[in-house]
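There are two complexes below, and they share chain A, which is joined by chain B in the first and by chain C in the second.
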Partner chain A sequence: MSPAATWSLVIALLAAGICSALGVWLVLLRQSLTGDGISHSVLPGLVLVFLLFGTRANLAMMLGAAVAGLLTVWLSREISRLTRIREDASLGVVFTIFFAIGVILITRSARQIDLDPGCVLYGLVEFVGFDTIAWAGYDVPRTLPILVITGVIVAAFLTLFHKELALMAFDPSLAHALRRHPHRLYLALMAMVALTTVACFEAVGSILVIALLIAPAATAQLLTRRFAPMMIGALVGGASAAVAGYFLAVRWNTSIAGMIASVLGAQYLLAVILISLLQRSRRSISARGASDPVLGGSV
Partner chain B sequence: MWTYNTAIVLIGAALLGAQCAVVGTFAVLRRRALLGDVLAHAALPGIVLAFWLTGNRSLPILLTGAASTGLIGIAILAYLKKRSRTREDAALGLVLSVFFGIGIALSRYVQNAVPGGGKAGLDTFIFGKTAGIVLADVLGVALVGALSLVLVMGTFKELRMVSFDPQFAATQGYPVVFLDLLMMGLVVVAVVVGLPMVGIVMVAALTILPAVAARFWTSRLPVLLALAATIGMVATSLGALWSAAQPGWPTGPVMILLAGGLFVLSALFAPHRGLITDLRRRSRARAALAEKAAEELLRARQTVTLSDLSRLGFRRPRQTLELLVSRGVALARAGTWVWANPPAPSEDRS
Partner chain C sequence: MTLAPALRIEHLSVAYDDRPVLENVNLELGRGKLIGIVGPNGAGKSTLLKAILGLTPKLLGSIELLGEPLRGADLRLGYVPQRESVDWDFPVTVAEVVAMGTYGRVGWFRRPSAAERTRVQRALDQVGLSEYASRQISQLSGGQQQRTFLARALVQDAEVYLLDEPFAGIDATTEEALIEVLLDLRAQGRTLVAVHHDLGTVAKFFDEVVLLHRHVLAFGPPDEVLTPTLLEVAYSSKSTSRSAWGA
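Then we have the complex of A and B:
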């Protein structure tokens, strides 16, 4: 494997790890589609930063995108609180308008701007190895430091607030009663999602970010009802999908991001089949148990 | 500006707006506002597959492909809802991202493997191209729209029941699963028709925004549907006119901004559910409650000061007390207010 190819794999693995861990909470909180909303609405943030400051510096772009993502979450919450519109609808309202503003900004300033909306959607894992900077004495892809820092922040957040997150996910009314501010914690979690989306999508594209956020967690949730196995399962599933997707994409000469998403879908499908087979065999066992001579008769 | 082409684009856009709004209204009522977004993404691999299998780039073939993967997406959603532990939000997200990922992988594969594969015009479908509408497309939209409308009218009672109270509908013996499939199928058709005109995200927005905006004005379903269709038509046709008059403004996003503007206007100014009416109602209720509470406090303590009230959390203690004075319940005396000992209300005397 060439160094550039190795870097692609490393970046894909890192993105998979961060997204899978965060996605477990999104799925548990039934907020999976918030990731979808955020990843669409970061577009105007990116464009505005570029138009206002004329910079494509990573940090400024990331800040703009993250602010747009957070604004989406906050706005849709406020709209649904103030007007009794349900949250899915208000999220849909906000992020589609944001996306439209982003596209208009891009096309209106087409001459000055070098932002390819397609690139935002698909990502370019293939080429991360060619766009390198010096970091800690090594030549590394430009996205590596961003992903590593994001990973550290997300890991720290999830570890520090594990108890509060669990309380919010499994007993929101108790969280309110104990004054643990689930609303603020929710916004903080969404800030993590926005940060992750922004950090990852340059590398892997916004659609793969959604797949990596939701699919590993949903697959793991099918297989277990306990938190720790679910988290480990999601991480293992996300990482293995990244590796398998990468090699399949190379083999078939296609998009790495698209292939990873396809493998994630295949994993989920396998889990669904496995579970339904297990249930069937369990049902036939209990059917036999029903005519047990000790219990007598059928149930 | 009033060329034949403009007229065609205008009619096509208006029909699309109305159709998306009507089917979107049911989706929004059923708490599946993002269904249109999901199915628009799920249509993508179908477009690539149709191109790959037939080698043909004509619109009907590509859209048939789009509709078929959209329908597969629906089947998966229905199966998961019935049979698996995955919640609906995660199922929607899964279908959206995995189908779109498969679409991207397929399109890149076709591009690299099939000579002359191009991109199968994929970017057109992601971002849409309204100006490219021809008469045949308008006729197609009209036909599909009319069929959808007939289906909606024919199953109106059932759809209404399922959108407002699916559990009750199920106990009454309505075929809830079938009606859900029908509703999602209508969304697929509307979204697929709209894809080449306005693109994935914009067509999703057309199923959400008019319905949500119209919901502020009425609580009656037939009115809601008519109003949503009107809002959708106004936004799409004005958007089409705008970008016909001002080249360089992308049609789909302009339509969405117009629909968004109508949403904001509705949210602010609608007479019963609008934000301004609601805030005014809330502040009136708060003032009435504060007055009542202050009166009881004064009756119990005989005398209160402004700082007493603000310590207890009254937002506008002075106004509240002055109201009591004007009703003759309290008397103001140098910074304190005392109970005026008014005659008890008639029902207390008896």
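Then we have the complex of A and C:
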């Protein structure tokens, strides 16, 4: 493999790891759509930072995006709190409006702005190896430091707050009663999602970010009822999809991000088929057991 | 000197969407008692517990816990929510759910200590679930779920416990374990306040009863509160008070 090709694979793997781990919590909180919403609503944040400050510096862009993402979560929560609208509905409205504002801003200022909507959606994982900077004495893709730092922050957050996240997801009212501040923790988790979305989307595109946030965790949840296997399963699933998707894309000369997302879809489909076959065989065993006077229907 | 009551509630009013749920509730609940809250559906029983916990914003009124004004959540308050209010498919074990009761004391960035884990084990023993400690909660029966919650309440080590329908839909074993635990906690001088549905068993379980229907209709020993006249008022006043509020 050429160095550039290796970097593409490394970046895809990093993005897959970070998104899959966060995705486990989104799926457990039944908030998968929130990842989708945040990844869309960061767009106006990115564009506004560029328009106001004329910079594409990573830190400024990430701050702008994180603010837009958190504003979306906060606004949709407030709207559903103050009205009778359910939170998923208000989130759907808020993030599409944010995304639309972003699209309008981009197209209005197309000449000044070097943000290609196509690139935002599909990413440029093929080319990350050609856009390098010097980091710690090495020539690395510009996106690598961002992804590594984001990965460290997300991993630290998920480890340090594991017990509070579990308490919030399982029993939010007890979390409140025990002064574990579930509302603030939820916003912090969403800030992690916003950070991850921005860190990853330039490299792999927002469609793949959404797929990576939801699919590996959803697949793993089908296969296990325990937390640790679910987390490991999601990480392995995301990583293996990145590798398989990468080589299939090279083989068939097609989009890497598109191929990875397709492999994630295939994994999910396989898990669904596997689970329904298992359930069917279990049912037929218990049906046989019920007709058996010795064993009885004891399943 | 006399001890301050476990809970003193004054002029408490709560509304959802401009619809009043509790109006001017006044109560003084003594320490070391087992107190039942009864009333028709929509009487505001669960809301009263949630208002005490600070889960529901109050419109008016003040609440004192053990003589001090309550501001937000307080670790001296234990809570056992309705069993249906949580996601029983969540991937945790029985022991992990029980350990959640210690999280308020354990604090941020730390794991429960060996002493806390022993406490969890003891609580599981007490409700007869030690064999199930490493089971996933999705594999539990309804009664076992309720006992898991009970064990979690035990490790919370609170002064005043608020229980939302702990007796709803449980088997005989669980009922026995539940009563044993409640009596045990009461013997230690703690106060237990439970929302209860079944009027027939109120006298059997509770020292005192609050008959609630948006406000306190009666409060006292079961035989004084559960009189035909008062029950008639509580359980038939629904339509009249509804029309009064135009809902």
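The definition used in the following text is that the second predicted complex is superposed on the first by the 294 of 299 C-alpha atoms of A that agree within 3 Å, B and C clash if a C-alpha of one lies under 4 Å from a C-alpha of the other, contacts with A are read in each partner's own complex, and residues count from 1 in each chain.
Convention: contacts are C-beta pairs under 8 Å (C-beta built on N, C-alpha and C of every residue); 3 or more make two chains touch, one makes a residue touch a chain.
Computed from a predicted model, the values in this text were never measured in an experiment.
Asker: In the superposed arrangement, which partner chain does A:84 touch: chain B (first), chain C (second), both, or neither?
Answerer: The answer is both, since A:84 touches chain B and chain C.
Asker: Does the superposition put A:171 against chain B (first), chain C (second), both, or neither?
Answerer: The answer is second: A:171 touches chain C but not chain B.
Asker: Look at A:252 in the shared chain and tell me whether it touches chain B only, chain C only, both, or neither; answer first, second, both or neither.
Answerer: first
Asker: Looking at A:211, would you say it contacts chain B, chain C, both, or neither? Reply first, second, both or neither.
Answerer: It touches chain B, and chain C stays clear.
Asker: Of the two partners chain B and chain C, which one touches more residues belonging to chain A?
Answerer: B
Asker: A:32 contacts which: chain B (first), chain C (second), both, neither?
Answerer: In the superposition, A:32 contacts chain B only.
Asker: Once chain A of both complexes is superposed, is A:51 in touch with chain B (first), chain C (second), both, or neither?
Answerer: neither
Asker: A:227 contacts which: chain B (first), chain C (second), both, neither?
Answerer: After superposing on A, A:227 lies in contact with chain C but is clear of chain B.
Asker: Once the complexes are superposed, what residues of chain A are shared between the chain B interface and the chain C interface?
Answerer: 30, 84
Asker: In their complex, what parts of chain A are in touch with chain C?
Answerer: Contacts found on chain A: 28, 30, 84, 160-161, 163-164, 166-167, 169-171, 173-174, 176-180, 224-227, 230.
Asker: For the complex, give me every residue of chain A touching chain B.
Answerer: Those in contact with chain B are residues 27, 30-33, 35-36, 40, 79, 82-86, 88-93, 96-97, 99-101, 103-104, 107-108, 117-118, 121-122, 205, 207-208, 210-211, 213-215, 217-218, 221-222, 249, 252-255, 257-262, 264-265, 268, 272, 275-276.
Asker: Could you pull out which chain C residues touch chain A in their complex?
Answerer: The contact residues of chain C facing chain A are 17, 50, 53-55, 72-73, 75, 77-79, 81, 85-87, 89-92, 96-97, 100, 103-104, 106, 108-109, 111, 136, 138, 152, 156.
Asker: Which residues of chain B touch chain A in their complex?
Answerer: Per the touch definition, chain B meets chain A at residues 28, 31-34, 37, 41, 80, 83-87, 89-94, 96-109, 112-113, 123, 126-127, 201-202, 204-205, 208-209, 211-212, 215-216, 248-250, 252-254, 256-257, 260, 263, 267, 273, 275, 278.
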